[in-house]
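Letters are used for the chains, namely A, B, C, D and E, taken in the order the chains are written, and counting of residues starts over at 1 for each.
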Amino acid sequence: MADITDITDITDIIEQENESNEMILSMGPQHPSTHGVLRVVLKLDGEIVTDLDCDIGYLHRGVEKICEHRNYQMIAPYFDRTDYIAAVSNGLCYVETIEKALNLEIPLRAQYLRVILVELNRLSSHLLWLATHALDIGAVTVFLWAFREREEILKIFENFFGARLTCHAFRIGGMTYDAYDGFQAQVKSFCDRFPKCLEDYETLLNTNRIWLSRTVGIGIISSDDAINIGLTGPPLRGSGVEWDIRKAHPYECYSDLEFDIPYGENGDTYDRYLVRMEEMRQSRRIILQALEKLPDGEVMAPKAPKTVKPPIGEYYHSIESPKGELGIYLVSDGSAQPARLRIRPPSFVNLQALRQMAIGHLVADVVAIIGTLDIVLGEIDR
Amino acid sequence: MYIYLLSAPIWFSKLPILKDYLDPMVLDYLVWPLVQIGLLLFVVLTLIAYLTLAERKISAWIQVRIGPNRVGPQGLLQPLADGIKLLIKEDLIPLKADKGIFIVAPIIAMVAALVSLAVIPWGAAWATISNIDVGLLFILAVSSFGVLGIILGGWASNSKYALLGALRSAAQMVSYEVPMGLALIGALMFTKTLALQDMVINQENLHIWNVLFQPLGFLIYLISGIAETNRAPFDLPEAESELVAGYHTEYSGFRFSLFFIAEYASMLIISAIAVTVFLGGWYLPGLSYILIPGSTLFVLASIGVFAFKTLVLLYVFFWLRWSLPRYRYDQLMELAWKWMIPASLANILLTATILVIAKEFGLIESQGNFLSISTAGYIFLIGTAFIITVPLTWIILGQINARSRDFNLREVEPLPMNRAKKNS
Amino acid sequence: MDLIWLIPILPLIGFLINGLLAKRFNFSEKLIGGVGVAAVFLAFLLSLVAFFNYSSWSKQPGNQAKPYISKTLTYTWIAGGKASIPINTVNTSNNTLEETSKNNIVDLSIRWAYQIDHLSALYALFVTFVGLLIHIFSIGYMHSQGGFARFFAYLNLFMFMMLTLVLGSNLLMTFVGWEGVGLCSYLLIGFYMTRKEAAEASKKAFIINRIGDLGFILAIIAIFSTFGTVEYQEIARLIETYPVETLGTFGVMSFISLGLFIGATGKSAQFPLYIWLPDAMAGPTPVSALIHAATMVTAGIYLLARMNFIFERSLTMMLIIAIIGVLTAFIAATIAITQKDIKKILAYSTISQLGFMFLSCGVGAFVAGVFHVLTHAFFKAQLFLGAGSVIHAMKDEQDITKMGGLKKYLPTTYKTMVISWLAICGIAPLAGFWSKDEILAKTFSSTIFHPVIGKFLWFLAFLTAGITAFYMTRLMALTFWSEQKFLGETASDGGETTDDSDKESKTEQHQGGGSFKIRAVTAGTINTESTSSKDPITSDRETNKSNAETEVIKEQRLKINLEPSVLVVNPKESPLLMTLPLVILAFFAATAGFIGLPIGYNWIENWLKPIASTDTHLFGTVDIILALVTMIWSGAMAYFAYHIYVKKPQIADDLAIKLKPFYQLSANKWYWDDLLDVKLASLINKFNNLLGEVDRFGLDAIPNGSALITRGVSILSGSMDRYGLDLLVNLIGWFTRVASVILRTFQTGFLNNYALVIIIGLVIIIVGLEYQAIQEFYVYLFPATPKITPTPTPGIK
Amino acid sequence: MINLLNHILLILLQSEAASSGVKERLLEGLFNVNINNFLVLSSLLFVIGIAGVLTRRNVIVIFMSIELILNAVNINLVAFSRYWFLQSEGKNAYMGEIFTIFVIVVAAAEAVVGLGIIIAYYRNKETVAVDEIDLMKW
Amino acid sequence: MRLVGLEAVIFYLFAVVAILFAIFMITARSAVHSALFLISTLVASAGLYFLLQAEFVAGVQILIYVGGVLVLFIFVIMLVNIKEEDTKIFNRQILIASILSFFLGLGIIAILLQTQKGNFFTLVSPLPPKIEQVQNSPNISQSHNISQNTIKIGQELYTRAVLPFEIASLVLLVAIVGAVRLARERKQEKIYD
């Protein structure tokens, strides 16, 4: 692990340029395949990456600082803007943290609805990942096919939340409103069609010789390294670690639902791809079960306070967001505003593996590896 | 000089105005070629414009979209709009660019692509502008010019991305030129000429398409041709996820459109050559029984046949582009040097051996510039091509390349397909 | 019949499959053997078909005595041009050759074509047949040995080469086959390449064969320059114009014959060049059977028979051939008496029999020679295979003095070998009798030389026949009949060994499984005293003790701490795959002689009439007597051998001691190997030393003397030098220094400057050489304004 | 007007139909290209190439000048090949062209090796100016 | 050999282009420009070959020289990436060298003149055989009587010139090996070894 802790400063890299005939290439922040405003400084020997460093912070908005000056209810929408791809998950994490602090029990229907929405959101996030990852590697058609399905989900979101991207309907203590008429039918019909679509993608990619040669053996990270770096989510599972917070520390009604955790073997890009594809299937399974079990009743806890003032103390809660473990650490001083709120963004932690994964590969592989990490800059920079 | 040119068809020399004022010789060797050239340029450029539309439409269909549909009925006027947009766009020349070369480069690319059109047999008889002795060589030579346009364009832009794209592109094109040329040699053994029109006539005489004799050659040619035109899955020079846009990053407006036209024109030419050499050109079995050979109608029909075959191949180009991911650069080079070139060499060797054997057994006979093949000869040649040449090359190359070192710097074992195990 | 080109090609295909694919794709032994055998089997079938087809074809009118040349696979191999070769005519008055003014226009190109005629049909048939049987035998023999595929590939390649040799339509093709079989022989002798003696034997065989091949090449060149062709058919046609060179004359025919004969000598292991054949037994036994007994070594006879029309035109060479043949036969037979290695005995026997064949050719009875080739191929192949079977059973032990009593262990092998033994001894109805007797009869009655020469040759051959019977019986006796000298497996722990050193004996597992070979380890016990003198082994050893060579071998054995002692094996009969060929071959060894019966219809003579016409020799009274005498003589010798080796073994030892000089002569192979190996080398060394001495004392005196003179002169010249020449030298040095200062300025190190200098040179050359041209050009560019020529002033004249 | 155009074009096409007077005059003048024209052209290219070799500092340009010289030679060879084709009725006619092919092949080989050397040199010395390449060994 | 009419016009066109661009080549400041000018000269030469009915040589010239060698040149120039603009492009001996070259040219032309004994521009060599008008025969299966240049060259190349042909292939092989060896970096060698 020495090479991970010994991260070279960017200025160091640039200074070394004149000493050897190695080339420094700055990728981003306006590069199409860095998924936002990530800047990766690559040290190249020919086309081989010998060292790299990430330069982040281009999208920093100071969310954590803002939170200290807002009421608890006012904070919630900010979370939709951190990981804007998985807004629902982020919202869930926040409200659950507060509910945990308040020790609030929420109605079962709200729990099931939340699970359905969060899993739908996982699907949409993974579909977007698949689309962009494939696009980075050059498979354009997958991009549009995946967007087609994502569009369906976004339509459901639009109907439910009134927004497509920054979806927000979770309140502390339940949900603002119940599901609209036909919600179940729409989700059901989507889930019925979805496996066929997945098969379509896999037909294009799974056994494609070019896809294999671009992904198999690229960006390998061992399970030990993955744990040491702190990877979570599909990158961790791709390395063969069977770890999912939904199973390990079940929240909401996940303990009532049946699903499997897919995990890989070699920890390469292809494994992570397979893991995510399988996760999509499992999400669909969860959604179908949840739809079946969806009880009637209230969606808002009756005991929910009007002004949220969690007891003095420190609280940490984490959920399995599509990207990994999303955690919130809250320090409450008993007032209506948090004393300190810290977000543990999965993308930020996962990005730390980039250096280890990419060194020794070619420049073109860096693109594939960034894609496989599935990072969102809004979350990294906060 | 004018031995390369073919005289005008009779109906042309009987056109009233021309006949009155111009000598028949002038008509044949100056006016008619100019007419042909003008017509061809018009048709080809229009075709290229509509190829862009076709590509967009086809990609849209593949991706379950509608595609351009706003300009004109079904978006049919879209190319026109695009053209006008490109033409009236501001013509940017980067400050630090090498101005002269920056201007000349797209012209070179364009010219290289268009000059080849002169020798392609678009149809029977008068539909060809010229049928020179070294037609195929000429096309290969001229298309090697295209590299210059790209490399100079990239260099003149004075931008790292453009230069890198240009170098990649040039290396790729130079590499794939080799198997492309070599793949044709196998077919040349059957046609016994380099003149393209004669090749078609040869295939007509044998009543067969060369692709049956040369399945491997055709495959190699097609793959190399796709790579040669920098199309997906070999569109490394334009890999936007890596290089933004490749060698023409700094180009815009009219000059960009020249590059664009050159790319499509070279696609067209690659397809046309494939059709001519491997797919019988304008020859369609049975056509000469329906129409009188040499008649105007026949010529028009042959043009139609040629166009149809070419368009089918172009469709394959589009199809591949929208269904395959992109190769990595080293994998692309590996494909060229470890697979394509040895395979094409093996193809040449095996084809020559098979021909010698066939000649030894009296299955084929050489009559001047033509081959005459007996029925058993057809079966033998086609059978050996499919049963021996293709699998043998495949096996041998597979054996050899399985042992050679991949450039993947981290070695991994080949993996089984479905490794995402479920937690049971 | 046009498929005869397939006969050689099929084994080639087998070779390609086994040689190229087998190792890569890990063929099973069954598959490899199957491929190898199938290729030869098909070739055999084809040659059978071709044989009968040709037989009927050649009976058609117009086809008599004509070879059939395959149309397929016939092409111009080496393209040549047209050339004219003077046609010779025979001056009938003094039987000499005269050149006429007429020229024969010939095409010098050489084609690759397979032909079949009476001789090659016969040869192809028995080559493929014996080859087939030996292939089958090999499957069993080579079972689970390393290099199975390699072995079969080589065997198939050998078949291809041999058939090319036989079926080629011209000498050059035969030569290709000739070299090819040599190559295969080399490869197969050295098959166990990790064994030193095998590697050396293969080299020896290869090199000695090269000596013969040189003669063959010279002969081919001579034929080519004489006749302008190397096609057999053409040579046979053109040779009509050449006269017979009588005894003592040595013309072009003799030269060609000599070359061919040297080639045949090398390949067929005749007198001076035979030494490679016994060593060649280092190869696997089937190889010895196929190549070094049945087929390849008879290529020499084939060549002789094929070119008989040339040999017949040189009586000198005929005599030489006959003498060499009979000498070889006699020497090899005498050597064979004392050998102990079963395969070496057979090898010397082969040499001896080949000598018979040469003798036969030498006296003009080519048919008899070929006949003997045929019969010999069967019984010798059988004997070799039987020996192989024995060796196989004895777990690679080849020393016959360590065997004995194998009769009860190997019944089939024994029975079949008895037939062959009788055949080679020349007992009446078996194959060997007919052919050998024919040779003897032809020799006795030969009239092409002086009749006395014929009688003398006959006598030697007659002696040899007896010796043959003796040593073959010895072989059989020691192997099968005498008391058992090894330990059966059951007796291995009984401690019956006579060796003192078995205390420290060490067992070593043999790969055959089940049986063990016990070897004594201790070095110190190896001396003559430690071995009992009861059995012939030790007596042989004692006699050999004085031999320096054996001492060397012993020392080597000491070094590796291994002394072969009494064997412990459990001989078992070989599997059916091996015994079947034995039986078949034995059958033919018994019956093959009937194709050449001297009474009634002599089929082989009729068949080979178009190739080599022999005077149809009727079986007269003399011959009957001769045959009887020979048979009795052979039988007596055989019984004698049986008596001394089986009945009373001590007689053999006594005889060996009594006839010590003869025994040693035989045991040391007439010292011929030593002569070549040691004596010749030491002779060369001595010659070198002599030259060195001459150099040291004779030639060195000259330099020494001259040195003395030089010293004196140098003192004189030194003084002159110092005062006179130094000045000059200094002057030169000074001049050089000045010049270099000037020249140095040119050596700028800049490429352009050098190029400039080159161009300056070029311009100077152009201006200098083409000054005229430049002037004209100047005039052309600037047309001359009329020069004002001074008008001659009047007054001056 | 169009007749005149027609006429000029016919002359250019050396058609028999053109009136002889004009044609002859034109032929006598400039429009008469024979082997000498090619030779002069080739010698001019040759001299230009030599001038390039002599004067340029950039070793790559010197290389290109050498290619130019070879090209001049090639023009000569092809012209003579054609000349012989007509003079000797096709005998030995193609040797010039074959020689040209060999020259091209050898030029390609030479360029490859030369450029390889230049790259190797540049990697060590970072210069391609020929007057800075003055060390035999480093 | 005599070119008249349109062919002569084309000859002069190509000749002038060739010479002009050759001069540009040796005087261009940028090496890339030089390469581009050289390409123009070579293409003009190829045109001349076409004019001389040496189609195969013309094709080979373009394919190998322009498509291969010159692309390689440009590659190397880009790799070496010389900043030529601010350094002087000619060496010190420019004056003497140009004068010398001029005289060399004059000398060579003078020799040419002399060999022609003054008939320099009026030398009449035989006109090429009149080429028949190529008609489109109604039977399209008939091949046109196009030039047999390629076939002839191929035959000569594989019969009379086969030894030089083989030697040329050997030269190319040596060149390939040499170039690979020269252009390899040590690091690459380490990777591959």
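Structure notes:
In this text, a contact is a pair of C-beta atoms (placed from the backbone, for glycine too) under 8 Å apart; a residue touches a chain by one contact, two chains touch by 3 or more.
Everything quoted here is computed from the prediction, not taken from an experiment.
Shared contact partners of chain B and chain D are E. Between chain B and chain E, the least number of touching-chain steps is 1. Distance from each chain's C-alpha mean to the overall C-alpha mean is smallest for B. Ranked by how far their CA centres sit from the centre of chain C, the chains are topped by A.
No other pair of chains has as many C-beta pairs in contact as D-E. The geometric centre of chain C is 63 Å away from that of chain D, both derived from CA atoms. The centroid of the Cα atoms in chain B and the matching centroid in chain C are 62 Å apart. Remark: chain A and chain C have CA centroids separated by 83 Å (rounded to whole angstrom).
Spacing of chain D relative to chain E, judged by their CA centroids, is 5 angstrom. Contact of a single residue of chain E with at least two other chains is seen at positions 6-7, 53, 56, 60-61, 68, 91, 93, 97, 100-101, 104, 108-109, 120, 149. Residue positions of chain B touching 2 or more other chains: 2, 25.
Annotation for chain C: residues touching 2 or more other chains are 750, 752, 756, 759.
By the touch criterion given at the top, residues 1-9, 11-12, 15, 18-19, 22-23, 25-26, 28, 31, 34-35, 38, 41-42, 45, 48-49, 52-54, 56-57, 60-61, 64-65, 68-69, 72-73, 76-77, 79-80, 82, 84, 87-91, 93-94, 97-98, 100-102, 104-105, 108-109, 112, 116, 120-121, 123-126, 128-129, 149, 152-153, 156-157, 160-161, 164, 168, 171-172, 174-176, 178-183, 185 of chain E touch chain D in their complex.
On the side of chain E, the complex with chain C involves touching residues 91, 93, 96-97, 100-101, 103-104, 106-111, 113-115, 118, 120. Against chain B, the residues of chain A that register as touching in their complex are 31-33, 47-48, 134-141, 144-145, 148, 204-208, 210-211, 213-214, 216-218, 220, 242, 260-266, 268, 270-271, 274-275, 277-278, 360-365, 367. By the touch rule above, chain B contacts chain A in their complex via residues 59, 62-65, 232-233, 235, 239-242, 244, 321-331, 407-412, 414-415, 417-424.
Residues 6-7, 10, 30, 32-33, 36, 39, 51, 53, 55-56, 58-63, 66-68, 70-71, 74-75, 78, 131, 133-144, 146-151, 192 of chain E are the ones that touch chain B when the two sit in their complex.
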